[in-house]
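Two complexes follow with subunit A in common, the first pairing it with subunit B and the second with subunit C.
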Partner chain A sequence: MASTDARDKKTIGKLSKLAREVVRDINAEKDPSLSIPSRSLGNVTFDEARSIIELGDQKQQRQLFNVAHARKFMQTFLIADACRELIDEGKTTSIRDLYYITKHTLEGSRQNTFEDQDESDPIIEDLEVTIDALREELHLFATNKGSMVGPMTIVDSGDAIDLRRLGSGGWSIPSIVESNVIQFQECDAEYILLVEKDAVWRRLNEDKFWRANKCLLLTGQGMAPRGVRRLLYRMHKELKLPVYVLVDNDPWGFYIYSVIKQGSINLAYESLRMAVPKARFIGMSSMDREAFQLPDNVTIKLNDQDISRAKQMLAYPWFDKKAWQKELKTMLRSGVKLELEAFSNKGISYISEEYLPKKIRDRKWLA
Partner chain B sequence: MASTDARDKKTIGKLSKLAREVVRDINAEKDPSLSIPSRSLGNVTFDEARSIIELGDQKQQRQLFNVAHARKFMQTFLIADACRELIDEGKTTSIRDLYYITKHTLEGSRQNTFEDQDESDPIIEDLEVTIDALREELHLFATNKGSMVGPMTIVDSGDAIDLRRLGSGGWSIPSIVESNVIQFQECDAEYILLVEKDAVWRRLNEDKFWRANKCLLLTGQGMAPRGVRRLLYRMHKELKLPVYVLVDNDPWGFYIYSVIKQGSINLAYESLRMAVPKARFIGMSSMDREAFQLPDNVTIKLNDQDISRAKQMLAYPWFDKKAWQKELKTMLRSGVKLELEAFSNKGISYISEEYLPKKIRDRKWLA
Partner chain C sequence: MVRATSTQKNDAAPKKPAKKGRRASAESMAQKQREISVSEFFTKNRHLLGFDNPSKALLTTVKEAVDNSLDACEEAGIPPELRVEIHQTAEDRYRVVVEDNGPGIVKAQIPKIFGKLLYGSKFHRLKQSRGQQGIGISAAGMYGQLTTGKPVVVTSKTGKGRPAHQYEIVLDTRKNQPNILADTTIDWERREHGTRVEIELQGNYRAGRRSVDEYLEQVGIANPHATITYVPPNNRAPLMLERVTDELPPETTEIKPHPYGIELGMLIKLMKESTHRSVSGTLQAEFSRVTARVAHQICETAGLRPTATAKRLGPQEIEKLYRAIPKVKVMAPPTNCIVPIGEELINRGLARELRAAIYASSTRPPTVYRGNPFRVEVGLAYGGDLRRMAIEEDSLTIKAKTEDRGEGPITLLRFANRVPLQYQQSACAIFKAVVDTSWKSYGLSQPRGGLPVGPMVLLVHIASVWVPFTSESKEAIAHYPEIIKEMKLALREVGRKLNAFLRRREKDRLQEKRRSIFSMYIGELARSLSRLGAGDETRIQKKLDVLVAKHAPQREVAVAAGASEVADSPVGLVEMSDDGELDDGELELDREEPRQLSLVDDDAPSAPKASKKKAAPKKKAAPKKKAAPKKKAPARKATSKKTTTKKTATKKTATKKTATKKTATKKTATKKTATKKTAKKKTAPKKGRRS
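Take a look at the complex of A and B:
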């Protein structure tokens, strides 16, 4: 990564402001304190107008001269200081690594700055919400997961990568995809297709579905990781492309779609920078079984967990739409779920040659 | 993938031979039967001379006119037939997909060819050992996992990919890496480095370790999947490059190394085409803690499972070497394990700038 650019300068500005405020408190002979947005469930709401899951306005105070707060207060600044150093050096690292970087035994004691990573991870999240910066802007990354191909060139850390010429493996999506690292060039795509399953992504890639259908083809290999979500968001906004999501016909698949669309409770504080409220559910729908005449023997019986998950979903405000209620009720009434691979029963390339083109042509998606 | 090439022709020949033998049995009025190498633990041995875990000579008979065998007999030919079709069409698929492709309800009955994937997966393994073909040669793939960068160009399904210019994400290693799909070009590397952890791989990639040290840098993201192991084997053999393995200092890390080196019990029948007996363990060694003066607070106490795993390993024939016995005993005596990230306590790029170059320069590896 190149050294400090505009975005990095902004993040450093936010980190410095945090420190300056504490210094100001001390100079004013006030107890130094931090005001941290609460990440508890009680502070998470669904914003109907924007159609995303968001963090509310509740804040908690963290004070230096409070025995219950002092340790966390110091830890927050240890993490902030380490992130500032990472940004200064133009380096990135994992949250595991950050734990090791900031772990020290306090001089003249047996006290460690952090006992284990369970202590440092929440402090990182506190810092993210407090200064309103993405983890990736603090130069921290999560595991690499997900692949992409399609009619576009990506510039990744200065290397131009033509996503049309990446063979069977595709481009491995990094977890940091901010605009200082990743830029988009020469895009001929007309839409974005996110596929839950790696195996289905590979089928579509082998069939060169993305070439015939002019789309950017991504997989998050299950629940999409932060990097894939953020990239999807950026491409949707900057390239003005619609997003289609293709998942299994089961409650987990619906949940994966809903996280793409309005965010999750755990990462409510990131929804504004990751959620794509206009994402379209292209399948697999409970109605597809009849529409595409799939045989009974490829269906799978819903288990108890599926049934209770589907019932919960009926009550979620973001599924409180006529089409989604019908979708969920049809699944519950049928008592079965279906995997995307079930289409292979009708021919190995049925999904790329028949199913997807027909669904998109007939505009059979849910929004 | 291109249509049938020499390797595909060979696999089709093996599949046809299997069918011809059954037809010959029938014409000779003999009970048709298949002779399948046994994959049970009792038939797995460690070949000291070749230093790999191998399948022995025990075979089991599967007969058509035996009530206990008939179902599996038919299933074997259903799978064989579907693989033959895949190869003919020049397509590849997942084992999940193959289950759906071959699942049918037998006419005039409620009997399914396969009830679930637990029934079809072992049949695939039977077929692999029976006709002596890799799963990948049957055009079946596993999950995409693992990345690579380095001074080499890869040709993947006809696309030339310069592994020097792939930014932060790297090339996503596919699970089928046979020579008809993947070819090597313009290699300037002097060795191969396989890193257990994705986060450490990213550190080394960000530091452009592979450029300064002329190596191909791979990660298998934990236990290396089949594609990564097979690619490693091919690069080691065809490019004549030594392989170094970098794992955590714990029994799981040692196990990951040992699978790369001599194969595993589960995949004993693949060792000959995947194991790299000359693979070198470059770290993290139990001796590194002292050699690189890591502080006590970055060590992690061995848990009961670690201790029993390490004790088991002391008795494994492939760890029955002086240096490995010392390695394992040092770990057990110290009572602690270490993660690769612990080096970050000495500086974020310590592992790329100090640790690895010194270990390789001083030839401090175990073979």
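Take a look at the complex of A and C:
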């Protein structure tokens, strides 16, 4: 694919430019340093107009001759070189694979280039933001996570897949879902439903909820990974389908929703191509306990972490909306949280047959 | 032992026949009252002389013989060459042989010196020497005789071509008189002159702490001018200590007592026995630093006529005189009679025995206690291997104490007039001074009331015309406040040097850590950058090396330790006295000599005497040598030291040159692998110290 080649060339150009800049400094006997956009809460801004989290202008300097940075500095270029090699060879690999590719013992020491994957993953993200390249442009992907079923046919790497005929497991969503890999074909869905929990997704799939309600049913198995988010974005944009998000009634669930809607702090630089600001929070709301008359005994007490997280979220600008403030405050006041599975207390298919249809019918969602 | 037991019987026997009611009468008691000879006294009280137990007895015997030998050699101006042998003759018996190259002993004196207690040349004078009383060697002989029945065998030869006399002597303990068992003339080809003493005694040889081995090692530290060969028993490997300097310590001179140190009884005796008529004349003749003016002042203060006849003074008048003395300002006694080891030689003496990371020393100016001049000096060896540079591994007694101690207390070596003190450490003024010094401020931890903790050997030496020991066995120094104060001052001086070193080392360590971190990553980085098309790997690496050197500069670390570190380290650096001239001399110290500047003998008051003419020209070169930093690592056995003296100056520049050249070639040839090492070498030869 010509377009791919051009993109790869551009990426390699960015990588080697980064290296050349460092060598220029070294040759001038200047201390080499890298400017890395800072990926911390302090450096993200909430763009109210577009309703997404964006990376600010703050950069952090990574200096070779700083004892605390030296290792990361070396690692950054080790990763950069490994990515260059991947691109050169036209291969794509997982970030775990990359960790193993780049791991070796440093000459004359007992230290390894990376001690574990937790050390290499952030370096990859650093590199992405530094040269402004996407992960897939670096020929990297994360492990597949997330499933989808629904009334649609897609083409995945040239294979047409009918998402209606995938049994109980569904289609495993790859981490790279760019248009050169995944194309959408005839689609009967009217909306997209992202479910936080795999178990709930299975319930809905078994009940063929998607068939009855004409929706694309996805799960990110917890926090939605990049592939799922990017796919949501593409379907939302390209198929013009509304996105509904169904999560637990706890701060973590709310946060998952907010990441899908506005983007995450850590991946703020990807917000523009992943965030779905119009995503609707369908549930589970703190008000649902009363509305659906769930018994007290299915509630779980908020733990300290939940409470502090909820309080934190109250301060996030993207939760600074009347409905959300009310939502969070109600949860804090009641002191309890609820899992989606709590609906099973009222019947195993209550969630698919009663709860969701009613919520959508009554337009009881938050945006 | 025979005599000792019989005396005991005498004591015990009369108890039974004692009458009822009164146990003894004056008359019956009078029968038992008789004179006790010194030898009898010491037979019973052998612990007073250091013969408490078999292992201590062996040590004391060696010690007394070695002290005598060193004293004799030095007094005669002969660089000492000692040979000490210990042979096991039975399970609990040892034969100690100590041989020296001293001047020998005149035939007629041999029996008295070795067969009579309290006979000697050193008691009646105020002069710095190892022996003080004239008890030691004859007591050792007596102890041998008591425990084995064997006589002392003394061989002595006074000059080339002269016969060597060999005596076998026993001591008549009742009369304190020598008995000569054999008197032969033998051929002693091996030595031109010298003395050989053989004593067989009941003893116990053991290695380790307070052993003969350790004692001789310490003798080596305090006597860097002595060559010592030691053959331990049981086929253990011999110990060879080559001298590190050819120059003898300058000859010590005898002085008269100083009025400040006199006691009333002594003053009475002086006045009564005076050969001078007047009080003033007697004072001037018997004391040092008493001029006519001072004598007059004393008499005036005491309300006496200076011309009064000394012998006719009554006890009250003498007491007045006695009380007047402290009120009159008298110049401190001459101190050129005190010869310290010297800072340079302390360092080298320590380096001969120990491989430490740093050696530092400090010699205090002379001062006075009770009218006796004395000088204190302190040396320390810190860190490194602290390993003795000996031929064999298992006699490393100092090492045994200092290593694998992690955080044990330091090893304290005490010396008095160059003689190691091994017993009664905690009773000694030195111990008190060390414990009372706050080592925490110098970077060592120190438990309350204890020795500081760390890999350190600390040497404290007091030199005096009269070292105040707490007992005749010369094991501990009495707690004179003047002495403790001087010791503390000296300890603080080396403490500051140590602290400077520790701080610098900490800084270096940090730099080294930084360097190693950078060096570890730049190879990897250079490769990645190069593969990313940013240039040639070797070139990038080289440029990075330059940056690493810039960011973690390497101070020249004399890792070689040993004497080389001593010489060029600012810490080990021996400084010139900062307080220059003495004013008026009043109670100030007589400072004819500057403080140790270079090799110890340089500034000594009584510069080389006739016998040392040969050494003189060498000395001139010494200060120069000091200026140039030494690059040479010390030879393992320090043998080379002897020859280096002359050549050092030229050799040094040569080594320097080659070193630089080597670096240059290395530099270009360097591959990424050698980063660390090159960085080190690059800076090493050129940069001096921090100076």
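Operating definition for what follows: the second predicted complex is superposed on the first by the 260 of 367 C-alpha atoms of A that agree within 3 Å, B and C clash if a C-alpha of one lies under 4 Å from a C-alpha of the other, contacts with A are read in each partner's own complex, and residues count from 1 in each chain.
One rule holds for everything that comes next: a residue touches a chain if its C-beta (ideal position, glycine included) is under 8 Å from a C-beta of that chain, and two chains touch if they have at least 3 such contacts.
A quick note: this is a predicted structure, and the numbers were derived from the prediction, not measured.
Asks: Which one hits more subunit A residues, subunit B or subunit C?
Replies: B
Asks: Check whether A:256 is in contact with subunit B, with subunit C, with both or with neither, and answer first, second, both or neither.
Replies: After superposition on chain A, A:256 lies in contact with neither partner.
Asks: In the superposed arrangement, does A:52 touch subunit B (first), subunit C (second), both or neither?
Replies: Touch partners of A:52: none, neither subunit B nor subunit C.
Asks: For A:342, select first, second, both or neither according to whether it touches subunit B, subunit C, the two together, or no partner.
Replies: In the superposed model, A:342 contacts subunit B only, not subunit C.
Asks: Just subunit B (first), just subunit C (second), both, or neither: which does A:77 touch?
Replies: Only subunit C; A:77 stays clear of subunit B.
Asks: Check whether A:171 is in contact with subunit B, with subunit C, with both or with neither, and answer first, second, both or neither.
Replies: Touch status of A:171: first partner only.
Asks: Per the contact definition in the header, classify A:93: touching subunit B only (first), subunit C only (second), both, or neither.
Replies: In the superposed model, A:93 contacts subunit B only, not subunit C.
Asks: Tell me which partner A:276 touches in the superposition: subunit B (first), subunit C (second), both or neither.
Replies: neither
Asks: What residues of subunit B sit close enough to touch subunit A in their complex?
Replies: 1, 86, 89, 91-94, 96-97, 99-101, 103-105, 112, 141, 143-144, 147, 154-161, 165-174, 176, 181-182, 198-199, 202-203, 206, 221, 295-298, 339, 341-345, 348-349
Asks: Using the touch rule from the top, collect the residues of subunit A that touch subunit C in their complex.
Replies: Within the complex, subunit A touches subunit C at residues 15-16, 18-20, 22-23, 26-27, 29, 31, 64-65, 67, 70-71, 73-74, 77-78, 80-81, 84-85, 106-109, 111, 113.
Asks: Quick one: in the complex, what on subunit C touches subunit A?
Replies: Result: residues 513-514, 517-525, 527-529, 531-535, 540, 543-544, 546-548, 550-551, 672-673, 676 of subunit C touch subunit A.
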